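Shared chain: chain A. Partners: chain B in the first complex, chain C in the second.
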Partner chain A sequence: MFLSRIVLRDLDSIDSPVSMASSKKVVTRDEWERKLRDVKIRKEDMNRLVMNFLVTEGFVDVAEKFRIESGTQPEIDLATITDRMEVKKAVQSGNVQEAIEKINDLNPTILDTNPQLYFHLQQQKLIELIRAGKISEALEFAQEELAPRGEENQTFLEEIEKTVALLVFEDIKNCPYGELLDVSQRLKTASEVNAAILTSQSHEKDPKLPSLLKMLLWTQNQLDEKAAYPRINDLTTAELQDPSI
Partner chain B sequence: MPATASGGARPEEAAEAASAPAASCMGTRPEELTARLAASGPAAPGAGRGGSGAGAGAGGEEAEHERVRALREIKNQIIGNRTKKLLYLRLGAVPAVVAALAEPGASPAALVQAAAAAGSFACGVDDGARAVLAAGAVGHLTRLLAHHDEKVVDASARALRMIYQSKLAPKFDVNNGKNMDFVLSLLNSENENVTELAATIISHSCENSSEQLSLCSAGVLQKLVSLFGGSMNLRDACLDSVTAVIRNNREVASRFASTDHGKGFRSVVGLIHDRSPRTRLLSCLCLIALGHASPCHFLDKQIKTKLIMVLLELIEEPGQVGDEAPLALTTLIKDSLELQKQALTTNAVEKLSNHLLANSLESRRAVTILLALSELCSKLEESRSQLMSVEASTLILEGLKHDWADIRVAACSCLKNISRSPKVLSGGRLSCDTVIGPLVQLLYDSSTSVQVAALGAICNIAVNLTPKKSVLLHSGVVSQLVHLSKSMDPTLRLKSVWALRNIMFLLSPKDKDFIVKELTLSTLSSLICDSEHFVQEQTLALVHNLVDGYVDSANYVIGEDGMVMDAIARQLNNASAPGVCIQGMFVLANIAAGNEMNKEAVMNVLLPHRADRVKPSFVVNFLQSKDKQLRVATLWCLLNLIYPKCEASSGRVVRLQNAGVIIQVKSMINDPCLDCKLRVRMVLEHCVDNADDCFM
Partner chain C sequence: MVANHESEAASAAAPGAGATVDPMRLASRWRSPAEWEFAAAELDAEPLPSELNTVNSSGLFAVVSTDKLSVKYLGSHLHGHDVGVVQADRPAPTRRAVYYFEMGVKNAGYKGQTSIGFTSGSFKMRRQPGWESNSCGYHGDDGYLYRGQGKGEPFGPKFTSGDTIGAGINYLSQEFFFTKNGSLVGAFPKDIKGPLYPTVAVHSQGEELTVNFGKEPFCFDIEGYILEEKMRQQSMTDKLKLEENISHVIVRSYLLHYGYQDTLNSFDMANATDPPGSRQNGHREPPEMYGLSHRKLLRQLIMSGDIDSTFKRLEEWYPQVIKDEKSVICFLLHSQRFIEYIRAEQLEDAVTYARAKLASFLTHKAFEGLLKESVALLAYEKPAESCIGYLLDCPQREFVADAVNAAVLSTNPAMKDPESCLYSCLERLLRQLTVCSFERRAFNNDQGDAFLLHKEVRNCERSHRS
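And now, the complex of A and B:
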């Protein structure tokens, strides 16, 4: 958040001359770097951003190392990350029942207050049964567990229909709803689970760093209309590129 | 190091997880599980101990293990699953689960599983909540909040929170000193699950002003505000509680706004810019409640403008927050012309319409957005014309035919408020077949609330003065309105009569005749004597419009053996509600403006020819009424009776004089109401004129 505020403040200061002249204001590299040097960013804030990223994404070992090396305290108990990652891993490897039980052990209110997530887990369970070729089991599960959810919710019903349609096709990988069997479907469900657990732990479900980078790009785009300045084009290197005039 | 400490606890869970497959081998059918749980219940270990001394310890442990497994399995089956909850309820599993909470020697593992299962039973299924409450879970769980094992405390607090979120849970009487101490002790807990529980109990339990006042006096509001610094979920729960404590309570709200120089108030204001959308919404709701409870403490226009902007932004959020934001906006701007103007300047109509267009109608959000748009159009002409000019107006018409009743109601509500605009009405854009057709169809809807909403829109559109009124008249609407006027539901009767009244307004004699034939005079008479006074009043207003303008139309009332006139006379003599009397007198005044026969008919209602004159005429009572409208209506009626100057009029003056009416009028020469004063003088002048006439 603070990075973008700094850039916006600069934007303000060069705004007025531009509105008078029709051409863009040019900021040289020297001038720009001088301005950047004037901006004081606390090391601790940077570290907290990094820690927030590691915690949210679930890199527990790295977070632990980073905690020791930088002295930055994580926002939540690192042990809870391990639990969360185990749940995520279970979904990603298709062990949906195991994931459900782990979620319930972590916090039994998550799935009771989040019907959509519960449905998606049940749907994933059905997908896994179909993938494993357990057709009669899949049918029984669809009838007993999923059908009642469809009666409660129209959107769920449509999703159930799509999933059950997988049973009709011989070559399920290439059928119209084949993407349900894709790894991406597991990842989608896993990330939904991850977000719900984070929310239940009072933690934001997205790390701050990526949105900060999005804000940087947005601000540069805004600035482009008013000035030519050394721009960051490659986010991986964050190198300043001289303005092309 | 916290990481190792909690890390150390993990193997235990791993062991539990590992034992899960074993449990599944033992059968996981609900019937078996319930039976197993009942068998391993309180009686079982006792029996074990009574057996051989050596095997008792191992047997008890085995039984406990078995019970934990059964409880965990049941918990995992029911969480999130309504069907399973109902199934276990039928099998009578709840008492067995709750019994596990009550057992003195229960292991922490068993308590954690039982608490989670009990909490889940109470969530989302009313019968489940009822069963959990009946089994006495609240008492056991409350006791467990003091358990030495933190995991048991967490599980119990969570379960209690689920229970207190059900509307079936009993209110917690905070006026009882002991209970208040308990709530305060929960609020002061180090455990966030417990403080969150306290916030939930407060939100659930304070409904009347004495409870709110007690909580406020005990310093609960300050405590809740101090907890805003905790985790996101705790903060949200506390915000919700603050709102519950100040809602509709002027004294508490003003105390909150002024305590500590408004520190609490400022904290809430600060949260409307929080990172979490849910927190932003809840803080807006809190400030809205504060503004409604104590308007004098919330005059800052800037904050109100900010609230509007924040709420408009929140509509973009996915899920519940985005769904509820338009409702919060509706509550904020309700009945306030000033705020509706402000909302308009922040492009609220445009923003809401764009959302409506971008999303499908098939959502709760569409309903709440339509309701917000409707509110925006309730007072401001500009909002109405803006809404009519965007594509959203087409969507509103689509909404009328939507499968979902809530959407149909919301669309009708929009149309009702748009059609408050004389400009839109006279433009005739609403009186065409594309609008009237679907609206009339909705009068046949299976949902009463849809019918009522459609009637509201038809009422307003019917006021239309343009020749297009005939579109409405011949759309089949009249026969259905007549049908609804005989409904068992009083609101439907009221609104349908109201619509007929508005259609009747300034109608040609031919069209009036059409309506009367559909309605029939006998229905009209029975509606005048309806059980509800608001229906009586509306029916008399309908008769008022019927006899207005054309002398001949009075025949409907005095003709056919005077059936309608008799009904009116009955209501006036019974001294019904003031509104009924006023409309009745206006009807009589209109009829009295007609020919001699009409005037005589009215005279006979006012002063019936009867031998026994024990009861004084209701006219005198009406003239003495505190309601100036009733006095004016009565004076108009008298005036029409003795005008113009003629022999018959003189005769009526004499009759009125004999009944003590004129003396009463004379006493009103200085009536505080100017309109009355003027009519009094006119009546008296005509009396003198007519008297001269008599003597000459």
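And now, the complex of A and C:
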């Protein structure tokens, strides 16, 4: 039974043009490697890709070192990264007021043109007040600053309600909205701030490299439908896997 | 003989674990900026429609003006076979995300039966686009869309004198689309294969059209449309999940591979203290650790133009790399030494050096391009301002530094894959992406744009400036 199946398959591949046509095109490793070798990639472009990553992710010292070692000019003034990272750090460590002031120093239009960002910063400020146990200050801030914003916008209102609910629980860690007190909430707000500053500097908010990696995965998936070819399955080693036929 | 010579050079440069690393492959990557531009243009090159076809048009019923960009109805419009239809001189190009052109209705004439669309090469030149199979058209008198059947379907507004109508092919979404006065009217699936010609038609007395194949700015914001389409495409790929920190790992291995040690140390320090846990999660140390501090110093020496010291250090640390005077590495270093003499305006030293060290490479075909251009530097009073001034720029030094780096990596006895000396992980991924993307386009009848890193990086910088 096993044997006959093998024989049949062999026959198939020998003289059935129909099955040949319907099966995927197979590209051997040799052929593929030749194609890979023919690709011309400029070193400067790869350097720029790496620089773009360092700059966008805010690695200012690293970017400076890379500029010296590779001669690659960063796409924006490195000093602006320092400012951006300071704002980000302020949010990450819970100093929201400091962050707001720094953003306004950097570019006063950022908060004016981003009501959602401004709201999230104020919400974060309220969260920090509650975390610090400054109840009366928190109440005052919520009523004077946040409540009017909730009247403008339904989503804001819901967010305010969730945040204020934290006040009602003595054991805030176990309150249903306790996740607002997580570090992840600070990181979320911080990355929103980061993106807004980058956008204000006419810079993409995300580095190019991850999207190219995704493009590679996507393109390989798409090509799988048409051909069997050596794939890269592990991006960290970039080793070619022989096509399974 | 030449082939023999080459293999000698390769084996001499890579005595390592008996593996064959051919830094010549790096040298074959060497291109002057002019060659780069040419190669890029060649990849993108496709003849574009630029004017109306005056030969294959229904000359009986329409006349194309001498600028070949406008058409006027001549006939008396008796029945459905006296359409004045004109195709562009060439089919719409396919190797791009979107193709688009526009027409202006100068005069809607007696019945306002102007139309715009795409038709195949075998289209019957006396019919409206969309009336015959393998064609589609948007018609002015009823605003209907015709897609190869006699009957049209409601599509958009009618159009008349003074309107600008556009037709496009979106290769990413495989759709046709039409615009009116700068706004999108609608899109529908592209079910026609093969070359498609931009086509316009007039069909009653007095009707007059002009076409714009991109020589003039378009009424419709086509750049914005393409950007949006690409974002849509990207949002599809963005859904894919990447292993956490994968970009960090790849950037780190890039720094390691090329021996950017200061950057690497700084990167590791930043990642050790930064809150969003961007640490290495158990990835084993890549083999590129080999000779890291040596490689860093060699790079620094070359980048500062100190080739004499580079030779000395190599002699001390990796003598096998420069043992063969005829090797690729020796050639690259000698030619760089020569260039550094020119930079320092020591022309006589440059000549003496070239006679002693470079002349013997002249018979070697693989070195020809670089050697000829380097020697030509002597001819200019101000070489930095000449057309070969790029040889004095930083990337040329870096090119040599990268070759030396690869040669040093190849002496690693633990090296398994000789390819890994030449290409960083990042480069291998980018090569794979490029090939996959071009292969995919080939399967797709050559439709759509393919990935080219240079284009990608340039786009990104352009958007910073705008």
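In this text, the second predicted complex is superposed on the first by the 225 of 245 C-alpha atoms of A that agree within 3 Å, B and C clash if a C-alpha of one lies under 4 Å from a C-alpha of the other, contacts with A are read in each partner's own complex, and residues count from 1 in each chain.
As a convention for this text, a residue touches a chain if its C-beta (ideal position, glycine included) is under 8 Å from a C-beta of that chain, and two chains touch if they have at least 3 such contacts.
A quick note: this is a predicted structure, and the numbers were derived from the prediction, not measured.
Of the two partner chains placed around the shared chain by superposition, neither chain B nor chain C is touched by A:Glu158. Once chain A of one complex is fitted onto chain A of the other, the partner contacts of A:Glu140 are absent, as it touches neither chain B nor chain C. Once chain A of one complex is fitted onto chain A of the other, the partner contacts of A:Asp242 are absent, as it touches neither chain B nor chain C. Using the contact criterion defined above for the overlaid structures, shared-chain residue A:Ser202 touches chain B and also reaches chain C. Of the two partner chains placed by superposition, A:Glu31 touches none, neither chain B nor chain C. Within the superposed three-chain model, A:Ala227 lies in touch with chain C and out of touch with chain B [touch as defined at top].
By the touch criterion stated above, A:Asp182 is placed in contact with neither chain B nor chain C.
For chain A, the partner that touches more of its residues is C, with chain B and chain C as the two candidates.
Under the contact criterion defined above, the residues of chain A that touch both chain B in one complex and chain C in the other are 202-204.
On the side of chain A, the complex with chain B involves touching residues 64, 77-80, 82-83, 98, 100-102, 104-105, 107-109, 111-115, 118, 145, 148, 152, 154, 200-204.
The residues of chain B lying in touch with chain A in their complex are 2-3, 6-7, 9-10, 13, 16-17, 20, 72, 75-76, 79-83, 116, 119-120, 123-124, 155, 158, 161-162, 231-234, 275-276, 362. Those residues of chain C that touch chain A in the shared complex are 25, 29, 31, 36, 39, 234, 236-238, 240, 242-243, 246-247, 249-251, 253-255, 258, 260-263, 265-267, 269-270, 275-276, 283, 299-300, 303, 394-395, 397-399, 402, 424-437, 439-440, 443, 451, 453-454, 456-457, 460-461, 463-466. For chain A in complex with chain C, the touching residues are 27, 32, 35-37, 39-46, 48-50, 52-54, 59, 61-62, 65-66, 68-71, 75-76, 92, 183, 187, 202-204, 207-220, 222-223, 226-227, 229, 232, 235-238, 240.
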